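Below are two complexes that have chain A in common, paired first with chain B and then with chain C.
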Partner chain A sequence: MGTAVIIDILGSMVIGGILLLILFQMNDNATQNTYNFSGELAVQQNLVTTVEVLEYDFRKIGYCEDPQALPNPEENAILLADTNRIRFLTDVMEPPYNNPHGDGTLDIIEYRLGPATELSGTQNPNDKILYRIVNGVSKGVNLGITEFKIKYFMDKSNGKGGTTLGEIKPASWPIIYTPGTPTGITALEIDIKVENTAAYDAGQNPYRSAFWRQIRLSSRNIKR
Partner chain B sequence: MTGIQMILALGAMILLTLLITNVNKNSLYTEDTMYDSNFGITATSLASSIIEDASRLRFDQRFYVDSSTVYDPSFFTDPDSLGFESPETKNDPKTFNDFDDYNGYSGEDTTMPTAVFDFSCRVCYVNDNALDDSTTTRTFHKKITVRVWSPFMKDTIVISSIYSYWNFLP
Partner chain C sequence: MSGKALIILVLGFSVIFLVVGYFWGDLATRSTENHVSYYKTTIAHNIAVSGANIGLQKVIADSQWTSNISNRPFEHGYMSVSLTTLGPPQRTLTSIGAFWGDTAIVKVKLMRDQTSLAKYAWFIPSVSTGSVTQRPWITGDTVWGGFHSNQFLVVDGRPVYFGKVTTLKGIKDMGSGSDPQFLGGYAEGIKVTWTSSMHYPDYASIAGAGSSFSKDLWLKFDAFGNVTYRVGSKNNAGQDSTKYGAPTTVPVSTLAPNGVIYVNKANVYLSGTLKGQVTIVAEGSSGSGGPGNVYLEGDMVYNTKAMIPNGEGGYMVNPASLDADGKPLDMMGIIATNDIVVSTSGNLGGYENNVVDHDIQIDAAIFCNSGGFRVDGLGHSPADVPLGLIYLQGSMTAGKEEIVADFSGNTLIDGYNRHVVFDSRLAIGPPQWFPYLTYYRVVSWLE
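Right, the complex of A and B next:
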């Protein structure tokens, strides 16, 4: 075997090795992309689902199919306000779901964000469970929520013009409202951030995230 | 290595290069679409926030002049005069006191963590039998159309909402 043949064999081995490395890298990138794109899709779907449920419930703060059951909702509807927790009176659909607006019986809904330690089993250290508690029955689902902030606003307008809203900033949270005492809350600002519960090569890559901010969510029943 | 072998090797390399380029292109397209969709969600939240903010206000400036019930839409603001009135300030929604003050309202939102968004609003009267078209006559229905866009988005988000005046008959 001549020197030229040996050089040919060695050269082809080097080029073949480089090609193999390129293919391995491409395969790794394809896997990472699939992981990221699926994760991004899941994050966006989770965010939209959360927002749909949340805004539907929040718009019905102080609503009751039987108005006599909840007189003066602007005074009585919100029971507890906190930066990541709220409890309010509303009317939810109950089985057998004959009336889509509610059954005329007052219900208490509470939303609260659990601690991150509850989900220590997931790769993402920041994800938390958002609990929806209806009449004391808690249901929580891990949708990768890492941020759930509520700000409360009161109307500072004089009734003639200008609709300035002032943020309610108490000395300490939460505020527990006594029924019959006006809460002053006329609008809410909600921030929600959802992240993937896991990421490809989590140490090197950030978790995919999506953000929603409803700057002024105002239930018709609390701003009368 | 013969000439034919050389050509075959070169052909293989070109095919491999095309394959890798194509894979990268598809990957970047998907990434681009995902980011666009992500910005779209935030832009939608901004648009719905503006609509929500506008819907808190009274239907018309008229109710600050005379708070009695209106049965005839001709009492409302002239369609050509929809927009902020003195002493309100353009692009300062804190000074707005009725729904149509949002006509011509535009600005830039830098508070969102994902991107900077620009927005503009238009308010017009609509007929209840043709909600897509604006009308030059006063009606009991006003439509707000909010456009939100960003240099990072491929397209503009457009969201509309109808705000109607109603009252219980005596």
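Right, the complex of A and C next:
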């Protein structure tokens, strides 16, 4: 055994070390990619889940299984309008759950976005709880929502180019509607942005995010 | 490194790459599936909404309609529309949209209802023969209240509409750069179907023998609740006062105990001030020149004005026009098979009241079944000059839109401008025995 053997051993160690480093880097990259891809999927699933629930509820603004209980939904259905908060009359399924669409009794649903400070325990500093409050009973869920904005529109046709909508821009929010007073609201624009609650190496990588905008959602019950 | 170790190394990495690649591919696939699932749900929902709209359009146009839409291809999917049976006042329309295995359901509850035809300030179901462009609304025309046209809304200049305006075919601008003012909103593509679901009362039976006439009838109301009437001494007495019998003055309630004065196969010549409620009906075979017309020989107004200025540029119900129960004191319906005509000739008052003394004031809910609202002898002397304004407080539903003015460009050269104010009391209750529509209205929409 001589110098050549030592050189062989040292060379093997260097090559092995390089291979090991490559392996570690590859493992790190694979983990990061897995985290990002999984996070992307989770974000998109959370977004779709949120959107489906929102769409279902918002399309039922002013709906009641017993129409006599809410004869003029265009005048009574929306009780409060705010840029990230809305309260409206609808009909939700209640026990014993005989009818999946409602029990004929009016209910009040409110959606609002909580402050970011409520979720200080998560890595993402921007995620908030979206509250769905049914008849005063609050249920919040953290799906990584960082943005929930609503715009309200009313008919502002001027006779040139068909029906057009105009955004309602009051001097101050929220608008609280008195039952029996027409709100004029015929459509909503809803923005939702969802991000991961945590990210791989959050200091270096951005949170995966997905954005959804319902340009004009109109419940037929408030637009007849 | 021996060849065997290299093979193991390569195979090992290959396996790792395959497993990780498969996992990442699965994530990407699931992500795509998530989007596709939402897309399919959305399209199925849109198809269901479209089916509901198509079905509603059918059932509103024809309340007897039964659905024949089953698995109809639509937007690369299928729609099926069903409707619960006729008979009960409430029906439910169910529309199912199917798209690539996803389905969505829209349920619409409909309630049978009635609506008076006196619901618009001005309603144009159709136009008379001739070009639609002969009937523009021009600068100086003003409408407070709902306005609908089943045709175009023809404009030239700057007419002003304070209420909601709806049309089927849109706006036709006869000028260059007309600027109609829609201060209450505007929508187009809306058709009001009225003939198939209209309930037109049997006025001869309602009026009874004492209130029915078969020759031309000249009526003049006074502010004390009376009406002076003269019956044509021969057929086609027309606007010649010498062809009428002696005048008789009685309380309105005496001449019309059931609230209707009915003339069959003849015309009515009308003016005065009404105190009370009455519906004037002139029937005859439909068609130009036939009987069944009402001629306005001068102002025909209520004793107490129904609508008064609200101080903000609009109008409000005059509290004095309501009784203690909030019901109208004075209310007139004018119903004609053919035309309602602003008289400009003859010696029954039309020339003096409508030509010599410009402007005409009409307080009434007007309905012409086959004809329209027009000016007599327009374009010919003496009605070949501007005649001022038609002040209509009430509502106008004319089977055909007729001509009340002639124009050169958007300048009125003869006839009248229109100043129309919807009598808001009509929204609560129309004149006695006024025609109405049966229709199904949407009471709830679930999607």
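Points to keep in mind about this one:
By definition in this document, the second predicted complex is superposed on the first by the 219 of 224 C-alpha atoms of A that agree within 3 Å, B and C clash if a C-alpha of one lies under 4 Å from a C-alpha of the other, contacts with A are read in each partner's own complex, and residues count from 1 in each chain.
Please note the rule applied: a residue touches a chain if its C-beta (ideal position, glycine included) is under 8 Å from a C-beta of that chain, and two chains touch if they have at least 3 such contacts.
The shown structure was predicted, so the numbers you read here are calculated from the model rather than taken from an experiment.
Superposition of the two structures on chain A leads chain B and chain C into a clash.
Applying the stated contact rule after C-alpha superposition, one finds that A:218 touches chain B and leaves chain C untouched.
When both complexes are overlaid on chain A, the residue A:60 reaches chain C alone and has no touch with chain B. Look at A:52: by the touch rule set out above, it reaches chain C but stays clear of chain B.
By the touch criterion stated above, A:101 is placed in contact with chain C alone, chain B being left untouched. Once the two complexes are overlaid on the shared chain, A:38 sits against chain C while remaining clear of chain B. When the two structures are aligned on the shared chain, A:187 is found in touch with chain B, with no touch to chain C. Using the contact criterion defined above for the overlaid structures, shared-chain residue A:8 touches chain B, although it does not reach chain C. Aligning on the C-alpha atoms of chain A brings chain B into conflict with chain C at a single listed stretch, 128-136, out of 110-118, 128-136 or 146-154.
Shared interface residues of chain A, touching chain B in one complex and chain C in the other, are 30, 33, 37, 40-41, 44, 48, 51, 157, 160, 162-163.
Contacts from chain C toward chain A in the complex involve residues 20, 23-24, 27-28, 30-31, 34-35, 37-38, 41, 107-109, 111, 165, 170-171, 180, 182, 185-189, 442-447. Of all residues in chain B, those touching chain A in their complex are 1, 16, 20, 23, 27, 30-31, 34, 37-38, 41-42, 45-46, 48-50, 52-53, 55-57, 64, 87-88, 93-97, 111-114. Remark: chain A residues 8, 19, 22, 26, 29-30, 33, 36-37, 40-41, 44, 47-48, 51, 157, 160-165, 186-187, 193, 210-218, 223 touch chain B in the complex.
Taken in their complex, chain A has these residues touching chain C: 30, 33-34, 37-38, 40-41, 44-45, 48, 51-52, 59-60, 63-65, 67, 71, 101, 155-160, 162-163, 219-221, 224.
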